[in-house]
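The same subunit A turns up in both complexes below, where it pairs with subunit B and then with subunit C.
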Partner chain A sequence: MPDKKRKKDLTFAQKLYLPEIFKGLALTFKSMLKPSVTMEYPEVKFVPPAAYRGRPVLVEEKDGTERCVACGLCSRVCPALAIEVQPEETELEKERYPKLFEINMIRCIFCGFCEEVCPEEAIVMSKDYELVFTSREDAIYGKDKLLVPVDQLKDRLEFLRNFK
Partner chain B sequence: MIDVHNDEKLLKALFEQDTDITIEDALENEMVINMGPQHPATHGVLRLLLRLDGETVMSIVPELGYLHRGYEKMAESMSFNEYIPHTDRLDYTATMCNNVAYVLAVEKLAGIEVPTRATYIRMIIAEISRIMGHLVAIGTFAMDVGAVTMVLWSFREREIIQNIFDRLAGARFTTSYTRVGGVASDMDDVAIEMTHGMLKDIEDALFEYEKLLNSNRIFVDRLEGVGILTKEKAIDLGITGPNLRGSGVQYDVRRAKPYMFYDKMDFEVPVYNEGDCLARYFVRVDEVKESIKIIRQCLNQMPKGEIIINSPKKVLSHKAEIYTKMEELIHDFMLINFGIHPPEGDVFFSVENPKGELGFYIVSNGTGHPWKMKIRSPSFCNLQAIETICKGQMISDIVAIVGSLDPVMGEADK
Partner chain C sequence: MSILEIIIITFVKILFIITAMLLTVSYSVYFERRISAWIQTRLGPNRVGWEGILQPFADVFKLLLKEDIVPEKSNKPLHTLAPFIALFVAFSTYAVIPMGPEVTIFGYKVNLVVADVNIGILYVLALTSLGVYGITFAGWSSGSKYSLLGGVRASAQMISYEVSMGFSIAGVVMMASSLSPVAIVNSQYGWMWNAIVQPIGFITFVISAFAETNRLPFDLPEAEPELVGGYHTEYSSMKFASFFLAEYANMIIASAMIVTLYLGGWQVPYIDKLGLGETLTTLIQVGAFFAKIGALIFFFIWVRWSIPRFRYDQLMNIGWKVMFPLSLLNVVWVAVVLMIFN
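Right, the complex of A and B next:
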């Protein structure tokens, strides 16, 4: 490939500088009439697509129990060591359920690996991205905060079946 | 006694550097000043120690390590898949490029073949990432020398790209998109449509950028002839990427050692001979144009098909199979608990990143995690040039030079 010659020599009009200033001002005024590219966040909410990896949540079945069987794979794969699971036996058909399921939201890096390895489709990433806590204790989400009814997660479950 | 870090060592290095700069009316007293680690123009936490005579830099010592997180060591206690999110955090302006580079290295080590569609998707995302990285580079560089508009414009276009990543990978910034053996999720029609739209937007935007900067007298006069890195010096110092090509060496890993399908692609490697800050800027702008060409070709050639290889012992099976089949379920557990077991040996694989040649050197002892990993990060190697370039320059030009070298400290400090 031949060496490129760069354009650097300015024309006489460009050297005069004044016409360039007016051109710049014209552009500024033109930009004023263009639609804005920013989003006024607290008033206008960002709606993420189904692929979005927000806060990880546990899927709650229609009868109020969790799908999770406490196999501990999510806790094993988590690169940030954010998940803690303690299993216990139950009378239900699935035989095991998590007595304790905690995600430390300060540690979580939202990589989605827990969802990817889950053999029961029990932990999925939601669209929830507004996470606020006032203390470190509040940041540890237990089952009360993690369980989300399956109806609210339809988007994500459908996405997982189609694209994963 | 542990040899702790202290400033005396830095000062010693600063004063012992041999300088062949002669100033006509040298001052009696030289001054030592600190630039960074909190200086906004050092692109992160780079600290520069400068010895000044008036306004001329007599010698300079860069100090790195403020963002050191020990990624090479961390890899030794992680399985190969677990490490993917950490590659996002190397060069955080072009995350997908790092993802691709890392999995290509692991695949070479473990001998895993990748489906054609997955390779095409990887090429597309790597090139989109390259555009992303260069947009930040151009924007911040122009901001460093005074054009604050530029950084706002380039981040406006970056937003369009991040929307694509949001759709594709599920995250705007820390993508973690690739997997050993393929990619995480498929590129649907909407994402392809968005990519086509993005390419058009970027082309229009580039036209605008060039109108703003290329014939801008302040920009051109400020950078022309500043921070010249000669061809021989650039090769000696091991500079790669746009900084090397700005010095007139036509070396691009995509052409020199083609990986993926770059040998089938029709693109040019832009080279400028001047070796100054302006040349490095021009290389980046031209590379964005070449990337657009590559993405268009990939989108046209991309076939339908699988996005991840079906090899249950090395790669996670499809979800539907894990839910229904016992065999796949067992492999799922084995893979997560014990990891991929590549054969013993070592491998080095390098790719062309926006900053230069990113290489992963992995030594495996046959277990699920690497025995040793070394990352050859382009920003770190490019920073070697800072001493050569900055000597004898004015202090105000240091900002322009650091901006044109475009180091990302996340990568330099690892």
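Right, the complex of A and C next:
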């Protein structure tokens, strides 16, 4: 290694050791004056960028219906078998809708395959990373928790159109 | 003054010192955590009270409430005795360090030092050497290999650095021609601080003080990556806290010693020429003493979070091959200075 210095390669000042120590002290003193990088969590929350894969959510259209057509691809592709979809017929133009849509958040591994495979852009990864539950039953998210208005997901949908 | 009055005054002084020591020790722990955080661009403890100002009390209560585990294979009497030795030595050293000049309070002439012993410096040296026993006993009595290694390291390190420390002090004693800390402070009038007159002695003393207090870069007795926790691996609860407090108390004593011996103690250069009142002058002088100690404590903490630990052979090399000759050189230097100016 050419950049490794042996003792005889050191200059006199480096051998004296103290000047180098004062250099180090000056460095730490400088970093002491820098602003802190810590976020004080409950008060200040980290807002992730659009590329962040938080918990998967279903897109809720402006008229209050889900975009999902219950094709079951997400359930099929899910490597952790976390998604369960039960389809049913509907009078709407899309003809099918999920009667039951459940994601087991204990199983979910946040891989984003469901979002990738979805032909309707109906299931997307959100920025929500605060997932707390006190029992196994609470961890199974039904449609009530999964449906999120499309306005709140604009960031992610735009990201998907640009990069998917 | 009658005997009773002297006893009462001494008790008040002792009470004041103990309280001040305990508070400064716990707050130096707090500042250690805050300053280390700032150096690493973090925030540090800031939740308990305003800006975490009550954190030391939370820490102490936590340690008091924890279970005290004594290892089965330990030597139990010594295992219990060791933290007491460490703490006792750390606190009793402070008795001879002068905090200010002679003052008159309520008609009594009071020296701002618990005991104006005429061999005070020897007393401090003797007690700090005793401090090794606390650590070595702790290491040996725990019945654990890591503790033993830590204890052995501590004793070897402290003996090596005591030599250069003693010789550095010899220079100071020669300047003041007295072993009394009060006389040493008085001899550093104006800008005649020993740090300026004998810079080599100052540097060797400061470095030896770092080694004596087991602070980084010389904290080999507790070197976490190698020895788990060193001599206090097998300690928990308040016994561990005693070692912790003793370490910080030692740091404060080392700062106080550096201030007394080299930085002019409570002296503020040319303050008597400003024509301030006597009370104000005394207050400024006592304040200056504590400010100097505070600055040195900051320096101790700052160095700890800047410099990595020495390897053991490097430590011994520096101790015997660098510090020892340098401190001898300092003695010669002081002798020459005295020859020329007297």
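As a working rule, the second predicted complex is superposed on the first by the 154 of 164 C-alpha atoms of A that agree within 3 Å, B and C clash if a C-alpha of one lies under 4 Å from a C-alpha of the other, contacts with A are read in each partner's own complex, and residues count from 1 in each chain.
To be clear about the criterion, a residue touches a chain if its C-beta (ideal position, glycine included) is under 8 Å from a C-beta of that chain, and two chains touch if they have at least 3 such contacts.
Predicted model, so just to flag it, every value in this text is computed and none were measured.
Asks: Superpose on subunit A as described above, then tell me if subunit B and subunit C fit or clash.
Replies: fit
Asks: With subunit A at the apex, figure out the C-alpha centre angle toward subunit B and subunit C and round it to a multiple of 10 degrees.
Replies: 70
Asks: Using the touch definition from the top, say if A:132 reaches subunit B (first), subunit C (second), both or neither.
Replies: Neither partner.
Asks: Check whether A:160 is in contact with subunit B, with subunit C, with both or with neither, and answer first, second, both or neither.
Replies: In the superposition, A:160 touches subunit B alone.
Asks: Quick check for you: in the superposed arrangement, does A:37 touch first (subunit B), second (subunit C), both or neither?
Replies: The answer is both, since A:37 touches subunit B and subunit C.
Asks: Could you figure out whether subunit B or subunit C reaches more residues of subunit A?
Replies: Residues of subunit A touched, subunit B against subunit C: more for B.
Asks: In the superposed arrangement, which partner chain does A:77 touch: subunit B (first), subunit C (second), both, or neither?
Replies: first
Asks: Output check: A:47 vs subunit B and subunit C. Expected answer is one of first, second, both, neither. What do you get?
Replies: Neither: A:47 stays clear of subunit B and subunit C.
Asks: Quote the smallest CA-to-CA distance from subunit B to subunit C in the superposed model, rounded to whole Å.
Replies: 5
Asks: Would you tell me the residues on subunit A in contact with subunit B in one complex that are also in contact with subunit C in the other?
Replies: Dual-contact residues (subunit A): 37.
Asks: Under the stated contact criterion, what part of subunit C meets subunit A in this complex?
Replies: 35, 37-43, 203, 302-303, 305-307
Asks: Quick check: in the complex, which residue numbers of subunit B touch subunit A?
Replies: Result: residues 78, 81-86, 156, 159, 166-171, 174, 176, 184-186, 188, 214-217, 220, 224, 248, 250, 268-274, 278-279, 282, 286, 316, 318-320, 322-323, 329, 332-333, 336-337 of subunit B touch subunit A.
Asks: Looking at the complex, which residues from subunit A come into contact with subunit C?
Replies: Subunit A reaches subunit C through residues 18, 21, 24-25, 27-29, 31-32, 34-38, 40.
Asks: Which of the residues in subunit A come into contact with subunit B in the complex?
Replies: Per the touch definition, subunit A meets subunit B at residues 1, 3-4, 6-8, 10, 14-15, 17, 20, 37, 48-49, 51-53, 71, 73, 76-77, 79, 109-113, 116-117, 119-121, 125, 159-164.
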